[in-house]
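You will see two complexes here that share subunit A, one where it goes with subunit B and one where it goes with subunit C.
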Partner chain A sequence: MSSMDFFTAMEVSASGLSAERTRMNIAASNLANAQTTQTAAGGPYRRRDVTLASVDVPGTRNTQFAQAVRGVAVSQISQDATPPRLEYDPGHPQANAQGYVAYPNINPVEEMVDMITASRAYEAGVTSMTTATNMAERALGIGR
Partner chain B sequence: MAVDLSTIDTLENALTYHRERHTVLAGNIANLDTPGYRAVDLERRTAGTPGALATTNAAHIPTAPTADFVTSFDDGGALQSFDGNAVSLERELSKIDANRARYATSAELVSRRIAILRYAAGDGT
Partner chain C sequence: MNIAPIISPELLGATRAGASEKPAGKVDLADSFAKALQDAHGAEHTATDSAERFAKGDSGMGIHEVMIASEKANLAIRYMTTAKNKALEAYRELMNTQV
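On to the complex of A and B.
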């Protein structure tokens, strides 16, 4: 018989929820820092980007179809390399010799879209987890 | 008269298959934003396909094909996006719901079958 139970399905869904929450956090952080001109590392804030990768699910034994079951994990959080946006503002304390201030390379619309897609994907993950719970409860009702 | 439990065995295989299929479909949902990920699905092969040993003597015990007769395949039902991801949210969610309904049907049938046996085992009241 199979080694998979409903907990495996819930673990898979949980990995998706956690990945989407990370995307949401990073998008929020990018939005919050859209005007940050000074950071501890020097220079303006740089946009963060989340990369996801599918992973094996621990606990699935090496059955014929175990490789079909894929969880997800954050593989890296990288910094966007695009140059900062320069704005002329000679009175600004961070202005350079030419009077330009370097602002982060962030497009709020792009971040909002990322946030919405992450939120929808999170909802879908909750739905599939709820379905697994319903199915498990259904199984417990057999013979009652 | 022997008690026939084959119906329950068959339904049990169906329950296992739908549970495993749900796990695979949940993986597709989890990978909605994974670059290069393609949606997979499980296919259930019917009994009598390769894997079941032939019985040439009445004393041989037939090998019952189980829910392990399942293969995964690239479902190819979604358009690929810019990052190479090919998972359709609506498609996966409708598959999950249909799969859940089939699971519930099999579970209900097992319950009914057990109820019949219980009725027969009692004095018919």
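On to the complex of A and C.
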């Protein structure tokens, strides 16, 4: 297939869908662990953040379009450095000497916003892919 | 995508001279057809493979990857079939020429 047919648009949308899926997974992980006080690394769960980077689209490498048409990929998943939220609960097994328990630095409202953003971006990706598919189908119908 | 004209004079000349002697830089209809067939086969193989990996619970294989692979296979096969139909139509048209 040549580098600039509809498959390229599909590849780009596919990379976006994968990135948004990862963002959704991270938001779900943050929400699920909003009250987690114990982790393997010690201390409370720390909020995860996704960094997106533009990448080459498979099949366009070394063509004049490689710099123009870019896919997206998750380049790294970082941990939020914001300090944990301290809550006074002396009876808690994870309480420190002063009776404070360190809870994750997660704001559920923020995570909901992230989740909705990911969901809308996913929808947009599906729409652009559907449009590319429809265009390809129209092209196949030429002369019929 | 470059589709060679079916009734180009060069192609007719090449057919007369012998199919093995292709003019340099020209795409034979059979070649482009074979490539389309190969593409369709590859896309279909990828679609089957990703569906299988998804069914086996491969965490790297999402629903959208499976759907996209099968959509690509669908398009590639439809393109191949359309190209075949057009070529056959042209061939029949030529064969029905009154002399």
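Descriptive notes on the structure:
Rule of thumb we're sticking to: the second predicted complex is superposed on the first by the 136 of 144 C-alpha atoms of A that agree within 3 Å, B and C clash if a C-alpha of one lies under 4 Å from a C-alpha of the other, contacts with A are read in each partner's own complex, and residues count from 1 in each chain.
Heads up, the rule we're going with is that a residue touches a chain if its C-beta (ideal position, glycine included) is under 8 Å from a C-beta of that chain, and two chains touch if they have at least 3 such contacts.
Given the structure is predicted, the values throughout are model-derived calculations rather than measurements.
Look at subunit A after the overlay: subunit B and subunit C fit there side by side.
Touch criterion met: A:69 reaches subunit B, while subunit C stays clear of it.
By the touch criterion defined above, A:135 reaches subunit B but does not reach subunit C. When the shared chain is aligned, subunit B comes close enough to touch A:120, but subunit C does not.
After overlaying the two complexes on the shared chain, residue contacts for A:53 are found with subunit B alone; subunit C is out of touch. Subunit A has more of its residues touched by B than by the other of subunit B and subunit C. In the overlay built on the shared chain, the residue A:6 is in contact with subunit B and with subunit C.
When the shared chain is aligned, subunit B comes close enough to touch A:23, but subunit C does not.
Panel annotation: after superposition on the shared chain A, the angle at the CA centre of subunit A between subunit B and subunit C (CA centres) reads 40 degrees, nearest 10.
With chain A fitted onto itself, subunit B and subunit C come no nearer than 9 Å, counting C-alpha atoms only. The intersection of subunit A residues touching subunit B with those touching subunit C, taken from the two complexes, comprises 1-2, 5-6, 13, 129, 143. Subunit C makes touch with subunit A in their complex at residues 1, 39, 62, 64-65, 68, 71-72, 75-76, 78-79, 82, 86. Residues of subunit A touching subunit B in their complex: 1-2, 4-6, 8-9, 12-13, 15-16, 19-20, 23, 51-54, 57, 63-65, 67-72, 117-118, 120-121, 124-125, 127-129, 131-132, 134-135, 138-139, 141-144.
Listed in rising order, the residues of subunit B touching subunit A in the complex are 15-16, 18-20, 22-35, 37, 40, 42, 66-68, 70-72, 89, 92-93, 96-97, 100, 103-104, 107, 110-111, 114. Put simply, subunit A touches subunit C in their complex at residues 1-2, 5-7, 10, 13-14, 17-18, 21, 126, 129, 133, 136-137, 140, 143.
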